[in-house]
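Both of the next two complexes hold chain A, though its partner changes from chain B to chain C.
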Partner chain A sequence: MSAVRPVPPITIEKPVAKVWTGARAIAEAVKLADVDVIAAYPIRPYTGIMNAIAAMIADGEFQAEIIVADSEHSQFEVVKHAAATGARVFVGSSGVGLMYAYEAMLVTGLGSVPVVGVVGTRALDDPGNFGMEWTDAFTTRYFGWLISWPRDVQEALDMVLVAYRVAEDHRVLQPHFVALDGAALTHVAMPVYPPTKKQVTEFLPPYRPPYRIDPMDGPVTKAQHIAPSLIGPEQRKRIDVAMLKAKEVIIEAWKDYARYVGREYPPFIETKWMDDAEIALLSMGAYMKDIELVVSKLREKGLKIGTVRLRYLRPFPAEELVKVLSGVKAVGVIEFGFSFGSPYRTGPLYHEVATALYEADERPKLLDFLFLGGREPKPEHFIKAAEMVNELAKGKTFEKKAYWLTLRGEDI
Partner chain B sequence: MVRLVKVKPHIERFPEYEELDWIVSHAIGVDQTSDAMRFSQVLAQAAVIRGYESYYYMRYDDSPERNYLPMIYYVVIGNPKINVLLREEIEPVGHLFNVIAVFSSNYLIQRTAQRALLFDGAKTNATLVVNTSLSPDAVISLVKKYSLAQDWNGKVVTISSSKIDKSIAFPMIGATLRGYEKIDLDAVLRALDILGLEKKKDSVRKGYEQAVVKEVNIRAEETEKFKTMKHEIEIPEFDGKYWNPEVYYAYQKAAATAENYVQRIAAMPRWEVLAPGLIEFGPKPGDRNIGFTTGEWRFQRPVINYKKCIDCKLCHLYCPDGAIDFNPIKVDYRFCTGCGVCVTVCPTKAIEMMQEIQAMEGLIDEEVPVKRFEEREYGY
Partner chain C sequence: MSSGPSLIRSVKEIPPIDYYTSGHRTCAGCGAALIYRLVTKAAGPNTILIGPTGCMYVANSHQFLTSPYAVPWYHTQLGAGGAAGIGIAAALRALMVKGKRKPEDINIIVFGGDGGFADIGFSGLSMALTYDYPRLLYLLYDNESYANTGIQASSTTPWGATTTFTPSGKVKRIGNERYKKNMALLAAAHPKIKYVATATIYPPLDLMNKVIKALNSGGPSFIHVLTPCPKGWFYAPHETYELARLAVETGMWVLWEYSEGKFKLNYKPRPRKHVKEYLRRQGRFAHLTDEEIDMIDKMVEEEWKYWLESDKLGKIILPW
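Presenting the complex of A and B:
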């Protein structure tokens, strides 16, 4: 009898992170989600995503139908119809391209078709401006799309997978955008740990629409002509309630994602140092990294300041935000979008935050910091913002509500 | 009359960035986008294998779909983490760059995509890696004349990449390892496995072995560039008046004559002087717009042999940049991008392309690219 062969000790090697751009990571998420139909039309920064998906399909890594449309409008029409027949779809655009697709997008929302897309945020062109601004994604707030906002490339990949799960849930059945800060996330490669195919298959069941447009299932008509007086308000109420229900679905989905994939995120709002904070800086997306860097340094100097990061813009986590910011003396909103001639000449994120906080018992004072036209702020600008918010908390009165800290010339 | 004031421009240094390691590469758009991307991707992946958080990206402002546009890629290596957001428009100020990788030697004598000097933002012990057939000494003398105006106690590494591999990225990676210690050859070879580029291991090894390394010790004051460049710019004194074309022209001239990045940024106008409706005041008839020069895109230039020229004006008509004067026929090198259309349309073959480095310095670099259509990468 031969001796028992010694079993070598099992070594589990830690996986090496892949260095992927946001565009590449999104493409990997699309592959992992086993998407059936992708519609594409180039516009920077979305082009990077489209190229990455096309390369995967061309290399035979991933089988899906990719349709390069003749315009963004057609692009969004293609996925709307494909999704209505029961296909899982992916789409995306940026800036003025997204604007051109608005008609198709709003029918997608009102028709409750769970399309998932990515907006690589881009300034609305003064010709050629491809800098990072949020106005393109913010302008889609009215269409019945869910909108979420990742902080880094890893979260962008995770968010796309969760977006399919939330959008296709029968309690929601609404389209979903993931908005990536253009350039800062779409085109910067950073280390990413992708989930495995098995993990994703367990987390994300196949898309099964309740009624799909397929002769095999019997005849149905989708998004028929609406007589306003007959079902206009009722149609919209269903979506209103879907957005309400989406909140519980989002919480469930992120819990499940942590269970299957092992990465945890707070569902709606990520806070840091808020337990004892008297003032706070609030924002979304990639620039939170610099804001957190600045705030951590200010805390070392003894300033009681915290950070608040919104992960969802639609549905907007108003109650959760009130809970986080009640009792805080002053908050600075840092944002990259604008609405000319708006109340107090402030930006759209400020409007959302101010509306939510109006219901708080102890309302913090607010200041808005605008970074427009694609010029990037540096940590020094966030230090300036924190100092101004601190002065506001101490009772200083400011002449304006909104400040343009990167502007050359007088900020009147 | 516009009153001008002299200013010595300054941009605050960025300590969070200086704590990181940077490998910056300069390449010719379209022709070399894929090379610079591969170069950066492999080095970043190798750094991750060695336990450093590492990013790579292309400068977002660059539009490599335009032929010959200079472009920049960055690899950023944490110590070991990266706690700061990496902005796309990294200001080349202070001591950032550990390695400056130059894919085509014309960037030794021209400014970068950011209209900066090649050494703006370099650490004092930076390594300059050049894809060239020129000797390290020739590279050093070019740099002193055109693109170095600060202290430099580092290394020059030269490598003639295309003799090893048509994909010049891989020999360049090997050469870079000779002047940068955080990443070793083993890590790069593992990164190539991860990225499915096993076949390129040999090219990297050969680049490592064949690179020529030379130590450098130069003080800023010893460089011709430092001696000849102006260190101040003149911009209009703001007097509260808006939308005045003369003020606009003064800013435009300051930007056009800026010699480095800091000067160019200081020459950008404040909002009050912009005319409403995105108006730019154009050049007077017959002049060209000094606010939009494209001459620094060029790695080769057309030279007209007037003995053969029959003055047919075809080159003037076909020049896509309007860079050839009508009467007499003459190339305005402030605007010529070196595309070669004039050579193609000339019926008497009176125009020839010459390497920029040859025209300026009488040197011939075998690595200055010939067009490589199959390697081109478009789109962004």
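Presenting the complex of A and C:
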């Protein structure tokens, strides 16, 4: 036996970076949240998340029932019923797959079942297209789901954990999905600092629905057919109020997340260079990184431009947006969704922003930049958008409200 | 000694407690309401009921916020019966295995109609039957049409029946020209399925005991229950039970079970009554000629050769 006893090493708790794709990071969040039931059905680009989860479960990294469903509709119905029975669940989809699940998503929202999932946004068929568009996620705005939109892999992981906390809060009890820009986020690897199991346990209490579909909770009858004259509007109002309350719960949750995990985010809107900005580019998601890069270069050239990034689409932070854009002369909305034949042939994010700004005392002028059909925008497109918004601020009149900058041929 | 579940041997042994009680407003003579009552009695209190959209959704809880269910009940979408049962079964297993809920035997019964299981929810039902969750029973109450929307044909509507989508007209006289889909045979096509059966409200103990066997079979199970419907079949409400009896005695509805890979007939009509005794009691077949009714009888006669052969072999032979 040696006379010298080994000295125990001094451990310094310091976060360790992992290099993960968005898909892998989400899978890690699901594991950290101790999810009980997962339902999977393949469609690119979200599939990688389920592949990662299935591998973890197969290797015994965590315990959960994973159901391989026969369709997205079944997939979303599986988790709806599992959550109503008292299980924490996870689900997801992309593109037309998500649209196949719309009925199930709708009843999850209107039935106030706090399912949490992800949407890996994808261009819609026809023709089939692996590119990125937002219309799959945007069309669910009416369904009573909370929708948040991360900028990078780290934020995607954090948002999933916060989504469980917000959705399961008894003031909310509504489903919640996190929209990851397809490919740009789901498949791009970045350094990530995952929170520890202990941090997550402190931040995220166990899921305790007020009543479950379980004989233990007595003979609960849920979602019986109703007479509109009796509780028609009142049932809808509950969801309206839940969305209102969600705003305070979201603020609390991100504050707590910073306290337990040590990473801070502004709850609803992230701005850069907006203190003295005269014009702004507004968007969401992964392309904000490129937009911010472009704007930082334009700033160096003396242009008083800033960026506005919405982190939540539902509930929509209207008052916060009015505040952020007060005094700004012109704003360019950068988006990837369509609503053909809509007012001024603009996109759905434009509609949201314009509605919010209608109540502002001084409304900035708006232009919409549509990036459709999955063709990737390049920095030069964002530079072009910034130049046009600058001209708009200086008084130039534009013939149209919406411009398709990646389009080849005439933008009629 | 057999370790099977204890069955109900006589009417006197039927549990007096009801879990499907007052508070519903189904039609007078509703066959499905009677099924609900018998099935929930057989299943007992530790049961979760799932109701895909259909008659038994709309009629059971409409208008006055009443509920006839003395056990948990949750609506699911018309095409989501299969997924709903799997979701609840998966949740219970996960919560019990992970120590988040007390381990316990809980029955899950999904009451789907023919629209819900044979048409729009067929894929989900099939998915569910490939899993291994115990005490998960898919019960098809088959009134042979979309009855609550006003009697439209489904894929289990029999040949020759008039429905509002397949009316008997001047040019197209027959009405429904498709043949009834055999859902129990389709269910039996899922390898390793523990229990599949057909039933109707006659005889009631046959239905109740099949429910008990299904729930105790150790895996997902399926029972196809023929459900007379006065509204859709056009007969007087007090004849519901009689119609179920005639369906069985004319051989138009075959009572069988398929347990752990073994096929067995539960009733052999001796002698089999002519199908006209069943069909002529229903207004939906009133336009059929005697020759057409005879043709149906011959078809049934032919099929029965195969049912009897299947019974002898203990294996399923397609009867056509």
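The rule we apply is simple: the second predicted complex is superposed on the first by the 397 of 412 C-alpha atoms of A that agree within 3 Å, B and C clash if a C-alpha of one lies under 4 Å from a C-alpha of the other, contacts with A are read in each partner's own complex, and residues count from 1 in each chain.
Please note the rule applied: a contact is a pair of C-beta atoms (placed from the backbone, for glycine too) under 8 Å apart; a residue touches a chain by one contact, two chains touch by 3 or more.
The structure presented is a predicted model; accordingly, all values stated were derived computationally and were not measured.
A.B. asks: Superposed on chain A, are chain B and chain C clashing or fitting side by side?
C.D. replies: Here the two partners, once superposed via chain A, fit next to each other without clashing.
A.B. asks: Now for A:P219: first (chain B), second (chain C), both, or neither, which partner does it touch?
C.D. replies: After superposition on chain A, A:P219 lies in contact with chain C alone.
A.B. asks: Look at A:S342 in the shared chain and tell me whether it touches chain B only, chain C only, both, or neither; answer first, second, both or neither.
C.D. replies: neither
A.B. asks: When the two structures are overlaid on chain A, which partner does A:L293 contact: first (chain B), second (chain C), both, or neither?
C.D. replies: A:L293: touches chain B, not chain C.
A.B. asks: On the A-aligned overlay, A:V37 touches which partner chain: chain B = first, chain C = second, or both, or neither?
C.D. replies: second
A.B. asks: Identify the partner contact of A:E103: answer first if only chain B is touched, second if only chain C is, both if each is, neither if none is.
C.D. replies: The answer is second: A:E103 touches chain C but not chain B.
A.B. asks: Would you please give the vertex angle at the Cα centre of chain A, with arms pointing to the Cα centres of chain B and chain C, as a multiple of 10°?
C.D. replies: Result: 90 degrees at the vertex chain A.
A.B. asks: Who does A:T21 touch here: chain B (first), chain C (second), both, or neither?
C.D. replies: first
A.B. asks: Report for A:K80: first if it touches chain B alone, second if chain C alone, otherwise both or neither.
C.D. replies: The second partner, chain C, only.
A.B. asks: Is chain A touched at more residues by chain B or by chain C?
C.D. replies: Comparing touch counts on chain A for chain B and chain C gives C.
A.B. asks: Upon superposition of the two complexes, what minimum C-alpha distance (Å) separates chain B from chain C?
C.D. replies: It comes out at 21 Å between the closest C-alpha atoms.
A.B. asks: Using the superposition described at the top, list the residues of chain A that contact chain B and also contact chain C.
C.D. replies: In the superposed arrangement, which is not itself an observed complex, chain A uses no residue for both chain B and chain C.
A.B. asks: Spell out the part of chain B that touches chain A in their complex, as residue ranges.
C.D. replies: Going by the criterion above, the answer is residues 12, 14, 16, 40-41, 44-45, 48-49, 53-58, 60, 83-89, 194, 268-272, 278, 379-380.
A.B. asks: Going by the contact rule set out above, which residues of chain A touch chain B in the complex?
C.D. replies: Checking each residue of chain A against chain B gives 16-19, 21, 42, 44-45, 47-48, 51, 126-127, 130, 183-184, 187-191, 286-287, 289-290, 293, 376, 378-380, 407-410.
A.B. asks: Give every residue of chain C touching chain A within the complex, in rising order.
C.D. replies: Those in contact with chain A are residues 45-48, 50, 57-58, 60-65, 67, 69-77, 79-80, 82-88, 90-95, 97-98, 100-102, 106, 123-124, 126-127, 131.
A.B. asks: In the complex of these two chains, what residues of chain A are touching chain C?
C.D. replies: Residues 34, 36-37, 39, 63-65, 67, 69-71, 73-75, 77-87, 89, 103-104, 107, 206, 213-227, 230-231.
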